[in-house]
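Contents: one structure, followed by commentary.
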Amino acid sequence: MKDKQFWIVLSGLIVAFLIFWFAGQPMFNEDRVVMFITIVAISATLLYNIRMAKRGETFYLRPIPGLKAIEEAVGRSTEMGKPVLYVPGIMDMDQVETVAGVIVLGHVARMTARYETSLNVPVSRSIVMKAAREVCRESYMMEGRPDMFNDDMVHYLTDDQFAYAAGVNGIMIREKPAACLYMGKFYAESLILAETGNSIGAIQIAGTASQAQIPFFVTACDYTLIGEEFFAASAYLSQKPELIGGVRGQDMVKVAVISVIILATLLRFIYETWGVGFDAIKLLTVQ
Amino acid sequence: MIWKRQIPILIVAFIGALTLFGWFVEEPNIKAFVDDDATQWYDILASFAIILGAMNLMKMQIQKVARQKKGWPYSIVAIFGFLFAITAGFFIKGVDDSVAVWGAHVTTEGTLFKWIFDYMFTPLSATMFSLLAFFVASASYRAFRIRNFEASLLLVAGIIIMVGRVPIGSLISSWVIMYIIVLALGIGVNTWKKDKKITFGVVGVGIIIVTVAGMMTGWPLDKPAIFYLPIIQEWIYYYPNVAGTRAIMIGVGLGIFATSIRYILGIEKSYIGE
Amino acid sequence: MKALEDLILKIGKVDRRWIFLVLAIAVFIPIIKPIGMPIRATETTKVVFNTIENLPENSKVLVSIEYSPSTKPENHPMTISILRHLFRNNHKVFVTCLWPDGQFMAQDALKQVAEEEFGKVYGEDYVFLGFRPGNEAVIKGIVSNIRKLYTVDVYQTKIDEIPLMDGIKNFKDFAFLFSCSAGYPGTVEWVQYAADPTGVPMSSGVTSIQVNEVMPYVQSGQMKGVLAGMPGAAEYEALMGQKGFATSGMDAQSIAHLVIVLFIILGNAAFFIERKRSRKY
Amino acid sequence: MSMTVILGAWIAVFLTFGIFSYLYKDNPFYKTAEHLFVGISAGYWASIFFWTQIQPNLFGRLWPSSEFSAESLWYKIYNGLSFLSTSVFPPGGIDKGHDMHLSYLIPFALGIMMLLSLIPKLNWFARWGIAYTVGMAAGLRAYGYLNSNVLGQIKGTAASFTDPNMPFFSLTSVSTFNSLVILVGTITGLLYFYFSKEHKGVLGKASKVGIYFLMISFGASFGFAVMGRISLLIGRFVDLIKYSAGDYNNATLWVLVIMLIILGYDAFKSRKTPPVNEEAV
């Protein structure tokens, strides 16, 4: 009950809706009231958590093993004296996954600055190049190594999908990086990249939400951040309240979903065996 | 500033809320607007967005040629392709009005536009996608490794689906699968106990049991059903696979819902580049 | 044993272009010299078949075409078989497209099945409404008022002048929907914006890549079965008793899958041998 | 066979092999074919979207032929436009069965603003139109995904365990065992994506089970992805075989031979100079 303003507004809205409902709910489609309540409830949960995060509340987020793996990969590159290759996907900054990829890049750049390992980031969109450069520069400044940063770390190859893949492959074969990180939105080129990375014996870590590409990454890379895990990792690294609050809010909704599944199964069992209660499945069918 | 920033946010909030609550409203005028006209406007703007995308692409290619950047002669090819398609789309129909009027020409047999579609667009796009078959083949040889338990689970499920789905899978007897399982069991026991005697014992007993059972039943191809590839394949596909996919689906569904709500409430503003 | 291990290791390092060549040959030869392996229908395919088989005669069926030539080998045989099935059972067919290229695909299929094989009359037995851009908004339009969205058909004939369109106002006037889909927008959007909100039954034929995306809908009954990729199309052809393109590709498909599985096994064998040796030294 | 068809076949074969030549290495044939693809598809999409939506459903509503009168100022503007292009604006108004709806000037204006955003100074002009589509998509999807992908799936997971005819164990049909698999798999899979608590103890074990289910479904995706790619390759090969016939002057064979000679010569020549990144295909 920390956020008074939120609760006042919410209860006001509920009272208003109840009055509306008992006044004969003019112009309201009653068949969909279950959906309506669900939407309001979930939205309120999300909003509440985002507001809490913005007010400075800290939430616990479980450690994500993939991030630990990245640290080890950078460490190994340092030991071997070889560069780290970072591929932020092939799409533009309007994709959530690219944004997440660039956030993780900031984290990687801090590590390479700390360990004095060279970092190579080929990109396929000019806007991504700008964003990635900015993030890297900032990371090197924060680690107190602005001298080590140069713009050529992040360089543009080409927009074309396969031409980009060919270019990255060329870099891998020439420079033989010890760690290849693929974090962003990928399509068919995922295979080509992961295969070449494997053939040069690099540690490979991937992160993407492109469902069709996850299987290829899981089998060809040493570690893969799967879908939401990738977003959660980037939220955790970015420390932006709206992202962290969002992760927390969605977690709460997930618990609610699981509870509803179990509850609906039980209710269904009770209803079908003894005819007690109501048909939960019918309730969930909204047309 | 208000034009560039606040108004777009306001438009998203208003249209988003209207569409979302349009699902619940029973007022005929609002319903008609939300269901018919608003969606039509969306369709029209979607078309403009596609045209804008095409023009943006051409702008980039022309700049590449003008500044003679690396690989610019290929950009001329791209520009040529664009102009060719536009010519067929807007200027040269290739048939009389009796065959196709303007507007119908983009779908009618015999027009220049259809020719481009058949002999240029189709082979190019289809071949682009079929290239991937080759990459899958070489990656399956050189990169898909059983690194850990998760990856092996993935690969085994994948192989069962791959073989069980196609006709050749139904030609593989369930007894062959049983022998393979016995051998796999042997490998498992070997890594666990690290004793050759026990391994040979397990494999030997397994083979004898399977062989005796087979001789007694007369080696039917698809019995016992739980070892018949097409049946295993169908089970994996319809049950464990659905369970896993459903978990992802619910997660993604909630994610999209959350993003949409953030858009409508104006918390997420990435579409204006923030 | 050592010689064998060395051999496996050696072929494990082969240039990948050789692998490309092996795959090309494995696909090419069965196309030229087919064996004709028997086809066994999976349950989800049978459900689609039975659902269509059980529709009462003269049902109005909406067929939506959402694929482009890039996935034609997978989707097109499905469209052909489904149209055959619908026309054979004397249903009325309405064709829409959510993908622009879908128009050509639909036209091709209609010409082959409706005109050449069954001699059906346009405007009385089937209507070709064509493509409208707008993804899910188009579906929403069809659900609420199809006449506002489609005022003319593909041939620019007015909808009001087409006899079959009499009494069709929105999606609820159809008895069944079949969506032949290769991605977004497609089956998922039809479930979300048409089938779930109205309760009209639907089935779908999808590309292999998309199957997993829609399987939860099939299992929960939001969709009645699904045809999965080219093998799914071949299964439908087998159920219809009319062989087609998909059936003729199944031999090549089988052999290619075997080759890929073999590659995975060989590759992993090399991986394990390498790991074993590096541990020893 | 007509000349245009044969010419088309030759071009199609050239472009197919041009793309396939990427398998050997990144080369000018591939680059030409790829850039042609980029250009052609941009022009193709623009034309299709214009003729299927903007012309009939936007212009058709602004200047319908049903309310045409040569005197009105509004149609005088139209005649001016018609002077520019009679194909887009045919004399006498656009006859697509619409009434006049001047409210459609709003999307028209937003659309024009989108196009004007090509001018660098006005690039924010596109935001209004994009904002409309973003808002609408958000409103549609929030409902669609929640209903079909969340509520619908909850419904599908909460299975019935009371049916007396349901067997306890059966692989291919509904059974208590299979319903339990779905129930357990879905719940544990969801728990894997739970981030607010460390995965230890019961939660750790459950999420471990969850990841196994996820891996099986990724495995199925993997299998289906391979299946789809192979099907498409079969489709391409069938087309190439078709074009190798005498009807098309053996296009496939000739193009293949010529391309092999050129690439072979190039490889021979570059052998003399040391390869820079031979494997960088």
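Order of writing sets the labels: A, B, C and D. Residues in every chain begin at 1.
We take it that a residue touches a chain if its C-beta (ideal position, glycine included) is under 8 Å from a C-beta of that chain, and two chains touch if they have at least 3 such contacts.
Note that the coordinates shown come from a computational prediction; the quantities given were computed from them, not determined experimentally.
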| item | value |
| --- | --- |
| Top-ranked pair of chains - ranking by C-beta pairs in contact | B-D |
| Chain occupying the most central position, where position means C-alpha average | B |
| Remotest chain, chain D as reference, centres from CA atoms | A |
| Gap in Å, rounded to a whole number, between the CA centres of chain C and chain A | 32 |
| Centroid distance [mean C-alpha coordinates] between chain D and chain A, Å | 23 |
| Separation of mean Cα positions, chain B and chain A [Å, integer] | 20 |
| Chain B-chain C separation of Cα centroids, rounded to whole Å | 13 |
| Multi-partner residues of chain A (at least 2 other chains) | 35, 39, 42, 162, 195, 211-212, 215-216, 218-219, 227-228, 254, 257, 286 |
| Shared interface positions of chain D, touching two or more other chains | 22-23, 31, 34, 38, 45, 48-49, 52-53, 56-57, 136-137, 140-143, 145-150, 152-157, 172, 182-183, 186-187, 190, 193, 214-215, 217-222, 224-227, 230, 232-233, 235-236, 279, 281 |
| Sites on chain C at which at least two other chains make contact | 16, 20, 23, 27, 43, 70-73, 130, 132-134, 137, 140, 156, 196-197, 209, 212-213, 216, 219, 228, 231, 253, 256-257, 260 |
| Residue ranges of chain A in contact with chain B within the complex | 27-29, 32, 35-36, 39, 42-43, 46-47, 50, 93-94, 96, 99, 158-159, 162, 188, 191-192, 194-195, 198-199, 209, 211, 215-216, 218-220, 222, 227-228, 231, 242, 246, 249-250, 253-254, 257 |
| Complex contact set, residues of chain D against chain A | 22, 26, 30-31, 34, 38, 142-143, 146-147, 150-152, 154-155, 157-162, 183, 186-187, 190-191, 193-199, 214-215, 218-219, 221-222, 225, 277, 279-281 |
| Chain B - residues contacting chain C, complex | 31, 35-36, 39-40, 42-43, 46-47, 50, 101, 103-104, 106-107, 109, 114, 117, 121-122, 125-126, 128-129, 133-134, 136-138, 140-146, 155, 159, 162-163, 165-171, 230, 234, 237-238, 241-242, 245-246, 249 |
| Complex contacts: residues of chain C adjacent to chain B | 12, 16, 19-20, 22-24, 27, 37-40, 42-44, 68-73, 101, 103-104, 107, 130, 132-135, 137-138, 140-141, 143-145, 148-149, 154-156, 212-213, 215-216, 218-219, 228, 231, 234, 250-251, 253-261, 263-264, 266-268, 271 |
| Contacting residues of chain C [partner chain D, same complex] | 15, 17, 20, 23, 27-28, 31-32, 43, 70-74, 100, 130-134, 136-137, 140, 151-152, 156, 158-160, 188-189, 191-193, 196-197, 207-209, 211-212, 216-217, 219-222, 228-231, 245, 249, 252-253, 256-257, 260 |
